[in-house]
Amino acid sequence: MSLLDDPQGALDDLTRPEGWVLGVSVTFLLFLLVALLTGALGPTYFLFLVGLAGMYALLSLGLNAQWGFTGLINFSVAAFFGIGAYGSALMTASGSPIAGGFNPLVGLVVALVVAFVLALLIGIPTLRLRADYLAIASLGLAEVVRLVVLNERWLTNGSAGLRGIPGFFAGWPVLSTFPEAMPGLRVEVIPGSPVILETAFWQASLNVLLVLAFAGAAYFVLRRAHRSPWGRVLRTIRSDEDLARALGKNTYSFKMQSFVIGSLIMALAGVFYTHLNLYVGPGDLDPITTFYAWVAVILGGSGSNRGALFGGIVIVTIREGTRFLNDVALPIDPAPLRLLLIGVVIVAVMRYRPQGILPPQRELIWPSAVDRGGTPETPDTGVREQKGGGDDE
Amino acid sequence: MTVLGYLANGLVFSSIIVLGSIGLSLVYSIADFANFAHGDTMTIGAYTSLVTFGAVGGLGGAVLGLPYGFFVALVAGIAAAAIVAVGTEKLIYEPLDVDSIGLLITSIGIAFIYRAVIQIRFGSDFTRFDLQPLRPIESLVPYGVRITLHDLAIVASAVVLVVGLHVLLQYTDLGRKMRAMADNPDLARVSGIRTKRVKLWTWVIGAGLAGAGGVFLGLFNQLSPRMGFNLLLVIFAAVILGGIGSVYGAMAGGFLIGMINQLTPFFSTVVEALPIWPGWLATALENLITIEYANAIAFLIMVAVLLVRPNGIAGEGAT
Amino acid sequence: MSEGALPKDDVVLRVDDLQKSFGGLAATDHASFAVERGTITGLIGPNGAGKSTLFNLISGFYEPDGGTVEVNGTDVTGMEPYQVAEHGLIRTFQTPRKLEGMTVREAMLIGPRQQPGESFLRLFASPGSVGESEAANLAEAERILAEFEIDHLATQPATDISGGQMKLVELARAMLAEPEILLLDEPVAGVNPTLAKKLKDQIRRLNEQGTTFLLIEHDMEFVMDLADPIVVLDQGHVLTEGTPEGVRNDDRVIDAYLGGGT
């Protein structure tokens, strides 16, 4: 059932938190729209924010595939993000000490391959461990990765980082010259406060397009996987791994698959970041990135893909909101304020809503099976039943 | 530096790690979760003593190059860490309705809150205690040992605290109950131990020792809001090496990890000197066993221990 | 592989000289017995006799210190639990954990082995085949739920149903895995008499349809009524085995239960 076919019905179907999130999101969007139109929020900066939100959403989707689906406590998100960023930067940057100058598509592939290898290297030893040991071990191994990136100057340029990174669409037909080719536009919706769209704006829109493509693909893959028998094994592992083993599931292999897929999506976020920021440094592997992703996932609801998308937006609000506060109102260093907000959000969620704001609501059975093999012989279908074939998770 | 010099440095650093690892291990077994806020509890101790020392001043005399006022500040640091930890337990952890993994995640939030508050108040820069920097002890320099009286004070204080803990664990009623609970919480509960009270004392002792460790870490290096979090994984490595739940294991693990950490440059000289490696391996090892990777080596040891002997090097084999 | 005294077809599970000790204490002490095809074999013994340990050894959750386990003539000693399951040995647990966020029929659908949709690549390469097998499994799950007379629970959250109902669902789910032999760990512990009776009837019915059972149960009345033969375990080794009457009248068994055991 889609929002367009039956808006009233779709609204009635929402649970309370869903309605709440929808309300807040709409208000927030309206607020941004007003800010945009009055010129308070530059359109290029706005698109940058959308890009960042997409990036955090990607990270959260990746973590959701590990923690939300399978219950793997991966504290090495930052390592995969960083490896994705460095992998593509080392291939494409003019300042790269080893390669450089390749097409960003080559960078993308290399980044994913390197992330795949790293996922195996970290996963093979740690995925047999108890959940809390996995947390500690993965945080430790992420730190090892960060130290290697920081210290192996011949490979990574060390603390100087990598500069001279092209945009993702460099070398593509049409798209590579698209931002320059577009004329500057002057839009004046509200008299007296014109909004000017220039090359930087078009560049930023391309970035948004890119992150939407990445996040959309990841979302599509994960949503299908989540409601498949494959996802069901992962969810069983999360609740009761021994049960899955007793029923003939090779849980180690399933955990590895979920770990690798999540890690690749995180690396994708890193690739995007490289071409958004045009500079990467060892600071990008700071563990804080890991915990940004964690906040997004537990806030959105573990196991919930749309929750992860929502969480991504919240993270950008925390990140950029503290910067804004610092500029406008409170002269507090934004860094500790962010840390404080993240800490408070984690504690508050665990205290008041450990399942997150948007936990998965629907029964997760392969959609065509429910339609076809349905349950005509069981008339007393409940709410969950009706939502079984719905088009949202 | 000579071997003796590295060993001496290792001893000082180990003292700090031991103080941190005992508390982490106790809380891990008795409160039943991996407390990621433990490192930041150390930071709280350090900054409290910084402020206290600034307020009370030297107070006249001095022991081991440290004015009396510093020891007042040390006690304040220990007390602050213990009070904050107990307050957190009462206000946050205890009312939570989540499993040990939920507590682990919560403790990360707590760690960030601690660090953020300190950083908002003191900024993110490094600071030092307002103490005259000391020269290495003259009589030891000929042996290649360059440690100051302050370093000696760290080791001596740590020994006093550890011996005190040992006496508490072995000869008091509370100590016996704590050991029983660390050993087997369920059994302790059914055998009538008031586990809540023991748990509270665990937080007091664990966090207090961490606070002391934080003060000494500030004295050994510098203070910064990240000092504790940066050390957390090294302490985890020590706890896991010693076997979670074993206080004496944590001491041994802390000692080993601290030593390995400070001896890293020495190992690299050993690799260089020994002709047993093929050329490429020697080069690789020389590049990897460096001071930059001292922590990384501890983490790799930790992962290896988790894989091979999840109950620690002294504990029984895997179950 | 199968050169035992009995022809292969008659024995589904053979446990030979199995040993396991924890911290120097023998939990399983040279235990040997066999489960013949088509039986409901009961495994009883006083608390601490090592019944659960034995189950864990047979199903691959523990690795034995010595001895062998054969399923259908194949040596499965030292295999991972999932591999043992692939050889047709399925087990249940005494205290199942909650399956958060699943409905009963979702929980049922974990049962079938080797589902095409458990391959990640196939979800995208041939979604059609995934859908077909899922539909077939769903229909089968609902058929079995109906046979168990619990089809009204199908779309209930699995966390909301009673413990006894969950035991029924577990038994039903295990049947979806098409076991050659099903190990039940205390199927009626904490289950009310009505549901216990229902469970008993179902086990008997499934047995008549060809499933072999090995079950641990503390409820003597239940096990004596249902199982034949009965294997008595005491202090990790097999004390005796035989018919319910024989076991009931065996002095050694009475001694073991009374804590004598010498």
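Lettered A, B and C in written order, each chain numbered from 1.
What we mean here is this: contacts are C-beta pairs under 8 Å (C-beta built on N, C-alpha and C of every residue); 3 or more make two chains touch, one makes a residue touch a chain.
If you're wondering where the values come from, they're calculated on a predicted model, not measured in any experiment.
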item: Chain separated most widely from subunit B, comparing mean CA positions; value: C
item: Centre-most chain [mean C-alpha coordinates]; value: A
item: Approximate Å spacing (C-alpha centroids) for the pair subunit A, subunit C; value: 42
item: Centroid distance [mean C-alpha coordinates] between subunit B and subunit A, Å; value: 35
item: Subunit B-subunit C separation of Cα centroids, rounded to whole Å; value: 48
item: Residues of subunit C that touch subunit A when the two form their complex; value: 59-61, 80-82, 85-86, 90-93, 96-103, 105-106, 109-111, 113-120, 123-124, 127, 130-131, 134-139, 142, 146, 151-152, 154-157, 173-174, 177
item: Subunit A to subunit B touching residues, read off their complex; value: 73, 125-126, 128-133, 135-137, 139-141, 143-144, 147-148, 150-151, 291, 294, 298, 332-333, 335-337, 339-340, 342-347, 350-351, 354
item: Subunit B to subunit A touching residues, read off their complex; value: 33-34, 92, 95-98, 100-102, 104-106, 108-113, 115-117, 119-120, 123-124, 225, 233, 236-237, 240, 290, 292-293, 295-296, 299-300, 302-303, 306-307, 310
item: For the subunit A and subunit C complex, residues of the former touching the latter; value: 221, 224-225, 228-230, 232-233, 235-236, 238-240, 242-251, 257, 261, 303, 359-360, 363-366, 368-370, 372-373, 375, 377-378, 380-382, 384-385, 388
